[in-house]
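Take a look at the following structure, please.
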Amino acid sequence: MIATLMFYLLGAVALGATVMAIIQRNPVYAVIYLVKSIFSLALIFYLLGAPLIAALQVIIYAGAIMVLFLFVVMMLEVTPTNAATRTAPGWFHWGPVLLLALTLVVLTLMLIGLDPASAEGVPRWHASPRDFGYALFKEYALAVKIISFQLSFAAVGAFHVGTTERRRARQEDVS
Amino acid sequence: MTLESLHSLLPQILLALGSTAILLGGAWVPNRRLWLIVGMLVAVAAALVATFVEPAQIDILGLYTASAYARFCTVFWSLTVAATLLISCRYADLYRFGGGEYTSLMLFAAAGMSLLSAATSFVGLFLGLEVLTLALYVLIAFRHGDSRGAEAGMKYLVFGAVATAFLAFGIALIYAATGTFNLEAAAAGLQTEEGLRPLGLAGWALLLVAIGFKISLVPFHLWTPDVYQGAPAPVSGLLATAAKGAVLAAFLPLLMMTGEGIADIRSVLWLLAIVTMLVGSFAALPQTNIKRMLAYSSVVHMGYLLIALIVAGDAGSQALLFYLVVYTLATFGAFGIVTTFADENGELQDYEDLRGLASLYPRRSAMLSVFLLSLTGIPPLAGFFAKFGLFEAAFRGGYAELAVIGVFASIISVYYYLRPIIALYSPESAVICRDVAARGETLVLVGCSLLILALGVYPAPLLSLVELVIP
Amino acid sequence: MATDFPLLSLLLFTPLAGALLCLVAGTVNTSNVRWVALVTAGAVLILSLVLCLIQTPTAGWLLYEDYSWIEAFGIRYTLGLDGLSSILILLTAFLQVLAVLVSWQQKRAPAIFFALLLILETAAIGVLLALDMILFYLFWELLLIPMFFLIGVWGYQRRFYAAVKFFLFTLIGSLCLLLAVISLYLLHGDQTGTYTFALEALKQTELSATQELVFFLCFMAAFVVKVPLFPFHSWLPDAHAEGPAAGSVDLAGLLLKTGVYGMIRFAFPLFPDAARNAMPILALLALVGLFYAAWVAFQQIDIKRIVAYSSISHMGFVILGLAAWNQTAWEGSVLLMVNHAVTTAGLFAVVAMIQQRTGTRNLDQLGGLWKSHPNMSAFFLLFCMASLGLPGLANFAGEILILIGVFAVKPLWAIVAVAGVLFSAVYTLRLVQETLWGNNCEPHDKQDLVSREWIILIPLAVLVVLLGCYPQPVLDLLREPVSSLLMSGGLP
Amino acid sequence: MDILLTLILLLPLAGGVINACFGNRMPRPAPVFIASGAVIGSFLACLGSFTVAAGEGYRLVLFTWLKSGDFQADIGLLYDPLAAIMALMVTGVASLIHLYAAGYMEDDPDQVRFFALLNLFVFAMLTIVLADNLLLLFLGWEGVGFCSYGLIGFWYRKTENADAGRKAFIVTRTGDLFFTVALLWLFAIFGTVSIEGINAGVADLDLTTATVISLLLLFGACGKSAQVPLMSWLPDAMAGPTPVSALIHAATMVTAGVYLLCRLFPLVSLSPLALAVIALIGIATAFYAATCALAQNEIKRVLAYSTMSQVGYMFLAVGLGSVSAAMFHLLTHAFFKALLFMTAGCLINLAGHENDIRRMGGMRQRSPLVFWLFIAGLLCLAGAPLTSGFFSKDLILATAFAHGDPFHLGLYGLGVATAALTSLYCFRLAYLVFAGDFRGEELPHEPNSLMLWPLYPLAIIGLGAGLLNLPHLFAGGSWLSGWLDRSQDVLHLSLNTEYLLIAAAVAVFVLGWLVAGLRYRKYTEHQPSLVSRFLLSGWRVDNVFDVLLVQPFRNIGRFCSQGVEIGLIEGILNGAARGCTDLGSRLRGFADGKVSAYLQGLVWGFVLIIGWFLLRALI
Amino acid sequence: MIVPMEHLLILATLLFALGLGCVLVRRNLIMILIGVEIMINSVGLVLVGASAFWQQVDGQIMVLILMAITAAEVAIGLALVVYLHQQKKSIDVGIFDEMRG
């Protein structure tokens, strides 16, 4: 029952955070809101019997992808520069953030105290890391290989696209 | 993951490893020509392997298949990529492409395409498609400092990302509805009259949006002309041919099935085919840029191919594969001609720039005419038998209305295909001195046009080959 | 005559080989190309002449070839030659020699130009020989490409418009044909189990009345546009006016004929009942076209357009003959077709010469050419007179046979058509009047005919007179084929 | 004999073709020799074979021209008495005219073309005469039309001449339409176009058909013979050189219509109604043309109208059922009218190439010889007693009178009135040309001897041709009627009646002379009255035709080319094309380069698919 | 299952729609990419839910694959953003309309 309640709460948090992310003019805020949404989704994953995915969600999405976004946003300085947004944000801005953050923290703490195996209403089935790893490297080994290629080529592509003219010219001189 | 499965995936592995090797080699030896040629050889080798090495097992880990059909696709996409590499030699020199990167991305795309059309599961499909798309993101914007290329890359990226999201959501919904990623099982699961069926259908709708984007069906086609125009001509050629063909080929086995679920999908495809053929034809009419025109033309041809896809069965798939090959030859050739006309000032795209080129370059102009007329479907070029087979299949399958609309679209197509031809052959010449075509380019183009002519006169070999491989 | 030697294929592919040779020769020396073309065209002429001469007027195929081609679709390579096709092939070959000669001075890309002319010849011969529907369709469409380029590349100011119009019109018709052929093929296959495109087999297909009508209309769509019958003629004046001289000669001499040939060889025998029912409509259109084209021709000021409209008018006559559906009228129709081809070819040839000398085709700027170019003008007058149906010259023989045949069936049609003859006199005489007579033109080139032009015009003139005074050899050749075609269509 | 017969046709044809093809390459007099030689040769051949024609005649088939199904038309000759006498006349007159033309056209640079056409004309005319079937006859029929076209517009540098030629061609062709329809109909009925075959089979023909066919033939004949209502081309045709007027528009071609009707007389005579119409048209034309001739100012136009009028008499004769009368008048008329025209040519030369009789006068002083020749012709035309014209015209009028019923008596009355008018305009012409002093300014241009001496035989024959069919009253044996095997045409009237008729004829002749003498002996310049302007313009027939036919034709033509062709057909095509491109541009507008718009397209597509699924689920 | 599948799907669909809305409405290229991330997150939710529903591990593996692919895509995408920004000094997609028609 608690888990079910938590699901709806977390869903509401995720939706709220997402809405906030979307309506932000400043991408930095948007990214932060999105991280919040990702956290709540990770919790839902956990509730649905996917602890590993929940962890990876936090690590990869929040930890890698969103940071990358933040990095680019900062680098390009695309934050709006008009006076209205530069002034210190008031309660109107901070309120939702805090509220959502607070809810998340509470829910996380609750989850930590909850044993999924024994809690009422939580399914007995959940993917243990062993099952997961077994399937991943046995059945889906090929997919893993392909993904590895994919990631390396993404790196190459990003490198190629991001190379500046100056560096390219230097390369040309060499060839 | 066993040795057998690796053995069965030898062509793809060859492509992927070759691509990696060239990437690494390219960093050390910055010789552009060398790597392009090596890349081409790798692609050809993959094609040869796919042709002659019998796979140890047909089903590969439930993700891919090594059936005759899949191997045929592998051969064909590999050869297309090989031709693209060959035709890019001069072009890459002209715009100082990084030889290693370009080649490796091309080969990687080839691997993606071959995986895509060999997929038997949504996971495999998704992976193949993403491999292909990722390579294309970079390839489209490959020309540095070219604002159009960048814009094209951006448009493709945004669309591609959204389409990926749609695809993934669709796959997820179908999985939710059927509990399997296996293509056939998923489609079969749809047929049962369950509460989850609407879910599956919604998934298919999302999936179709993604496919519609990939093969640019109306109304998901809007990116096509912009991207083709901005991308380097050889890449546009690849985009218009193999990249689309691979997606279509991946869905052919699915459509071969019968049943209510598939019937629903068929009916959507029916609608999309009609809209695509008509809108594409009309939108192509006012174009004055050959790459944009070819883009719309590819839209229309995808509409034609949908007819074959809908008909499915033996007749439909035979027609589809034949059409695909012929269409690929002609469209690739046309983009190839555009490639050969590129110089330091950029590519020749506007009809105004094409004016009177025939007097300077009679052979290339003649070949472009052959390609465009084949696309129109005029005998004795291969395009005629392709369309003939298509319409015949449509009639056989009871889709006469599609055939009639197809005929209508090809009548309209006459106008936009003939315009560049007439521009080429107009007496007053645009006073631009273009480079002579490189040997590689000539080889590919002559090969394409000879094949088109030969298949136009005697299509029997290809027809029997296609008959052999259809799933 | 049963020989194993593929004589028909030889006939068919000689021009194609010549075309390739032209392209090859063109890379070496462009001035040799025309000789290659001439020799090829001449060889085809001789070959077709021999084919005409060796045959006795009997029923059935004189020569027949049949090979497997595309098994997957049941398409075969079937050729057959009878009197009807041999006459038209001879005509084609003859006109093609003239077309080469007419464009002797071609400066722009002569290699391609002559190659296209020869490809056109192959296509035309193919259309006249093919007995497999798809083979026929193949050649039928192949006619378009060379013609399109001849108009679109070597034409005058509005050539793109004209070429595309030509292409679109004919393509729309042909695609209807293709659709009908495919569905007929499937229908026949479903009925008998053998999927084939062979004409003789398809004739056996059982069709309901509606099916037959739809198929017939689709077939006719292709043929009627090519003929062209009013109101589907709009492409012809433009194509003629904007096309080069050789293009016009071929258009009038080859292309228009294929339409009528298609009707009598394919459309009528395949769907006899529908055809018979449609005859009054066909006749009505033919008659309207006959007058309408004459009226429009009367208002034109471009010589080529006048001749083009006169073609429409005459082809209306031909169609009227077909609509009568009897031996005399059909023989007359084919004869008129041949005669019209010769006459119109002559007219276009002279018009080209006039344009070359005066730099204009505008009637307002022409006049009094007899003074400066009496010989050329004499030929022009001769062809004009033949065109207006002066007895003793070519067109009359065909027209009178048609009239006789038609009168036997529907006297009213014949009477109305007779009036059309007067109309043709009106515009033709206006044409003659404003080019040859009067006094208001100063051509910049005073040279009367040069020897090449003599060579072009003399055979035409001789033929015009010969076909007018002694058309019997042609009629003899036509008798059996026409009567067997009529039989298969069911004589009334 | 076959060879001789063939030569009759072949010689002029060969002469024409040789001149047409090689004439310009030969030295100067050669074409003239060839042309004249050919015609004279043909004449001799006619003479030589004349006897063969007696009785049933002689048939000769050279080769089959057209054979298809049941239809067959040969190149075949039917040399019967009618044809023989006609051929003899044609070749004879043509020979003389060729000789005359040799002089007349001596200095013309385009001589060769002239003689080629003239020879071809003779060939075509002989084809009409000799053809054994209607189709071949039609060949000649159209052939003379073409040659006449070429010869009227011979001096093509003047547009009016060419226009006149065109008008002649088109108007006669209008008549030919009816002829063609008659031909088709006859074939449909009889299964043959052979003249003998048709004439042999007419007995079974029902009356209505016979009437309609006869009327069709009549209209065909009207066109060629310039009868009402297709007559307006003949006066304009005088634009051609004078020998042409003499040969084509006086002696031969215009009489072809009469000849045709005579040739098919068994058919025509079946229907009384048709005969009556023929007679009516004949007399109407005769009267109409005579009135017009009264007011003409150009010498050749006067003669042209007189020709029309005389041919009208011939039609009247056919309408009365008397072939021999028609042929008799045809022959005599051919001689004296040829004479008149050729002399007129001399006069024009003498007047310094002046056509207008108001600017002539006193020509007698310039050349008495020409004066006498011209008067000889005029006397024949006016029907002076004992001249050939007197006999032939009298025969026609007497035949009319002999019928006795009121209709025919009316015809007779009109005929006599016309004769009076004929006499009047003849002498008006004579007085205006010869009396008084020369009113023009130009110096005379002497005709050379070659132009003069063919006139003598013509004058003699013209005056004496009455002997051919001299009625028994004058101790003649009506040879022509006998030769044509038309004994029923010989009149057997009481002597009193005959004298009365002759007296009437003489009276009107004298009356005409007197009036003319009173009115025109002294030339006075005066404004033409309204009536004379009306007559001068030929009763304004040209205007009527212009309003009734030419303008509507042009207007329909304009409607077709501007309205239908450009407006409707092109309009529809262009509209469709524009519709397509507009649609294309609109669709193109969706691709406005903005990614967000593209994405919206994607979403709409998604909505479409979902909607489609829902639709299918609901239905 | 802790909740009915339907509720889970509704949540996912709402998230997906929000992401799509973001993609459609925002003109900032980065925001568009963020929108795509939202959409992909919702996909993860469905997959995990379905995985639980069918009691299979495949769905979760698919989520992992999805993450990796997304990471790759984002890497390229952001590189392209940087590249575009270098060229036009802006990442507003509205100004990239050089090619149209």
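Just so it is clear, A, B, C, D and E label the chains in written order, and each chain counts residues from 1 on its own.
As a working rule, contacts are C-beta pairs under 8 Å (C-beta built on N, C-alpha and C of every residue); 3 or more make two chains touch, one makes a residue touch a chain.
Everything numeric here is computed off the predicted structure, so don't read it as measured data.
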Hopping only between chains that touch, the fewest steps from chain D to chain E number 1
Top of the farthest list for chain E, CA-centroid basis, is D
The chain whose C-alpha centroid lies farthest from that of chain C is chain A
Rounded to the nearest Å, the gap between Cα centres of chain A and chain E is 11
Taking each chain's mean CA coordinate, chain A and chain D are separated, in whole Å, by 107
Note: chain E sits from chain B at a C-alpha centroid distance in Å of 26
Chain-centre distance (mean CA atoms) for chain A and chain B, in whole Å, is 35
Residues in chain C with touches to at least two other chains are numbered none
Shared-interface residues of chain A (touching two or more other chains) are 139-140, 143, 147, 150, 153-154, 157, 161
Within chain D, the set of residues that touch 2 or more other chains is 588, 591, 593, 595, 599
Touching pairs of chains in this structure are A-B, A-E, B-C, B-D, B-E, C-D, D-E
Given the complex, residues on chain D that touch chain E span 588, 591-596, 599-600, 603
Given the complex, residues on chain B that touch chain A span 1, 5, 9, 16, 19-20, 23, 30-32, 60-64, 96, 98, 101, 104-105, 108, 111, 115, 123-124, 127, 130-131, 134-135, 137-138, 141-142, 144-145, 153
Residue set of chain C touching chain D in the complex reads 165, 231, 234, 292, 295-296, 298-300, 326-328, 331-332, 368, 370-371, 374, 378, 385, 390-392, 396-397, 400-401, 403-405, 407-408, 411, 414-415, 418-419, 421-422, 425-426, 429-430, 433, 436-439, 469-472, 475, 479
The chain B residues in contact with chain C across the complex are 318, 358-359, 362, 366, 373, 378-380, 384-385, 388-389, 391-392, 395-396, 400, 403-404, 407, 410-411, 414-415, 418-419, 421-422, 425-427, 458-460, 463-464, 467
Within their complex, chain C touches chain B through residues 69-73, 108-109, 112, 134, 137-138, 141-142, 144-145, 148-149, 152-153, 159-160, 163-164, 167-168, 171-172, 175-176, 178-179, 182-183, 185-186
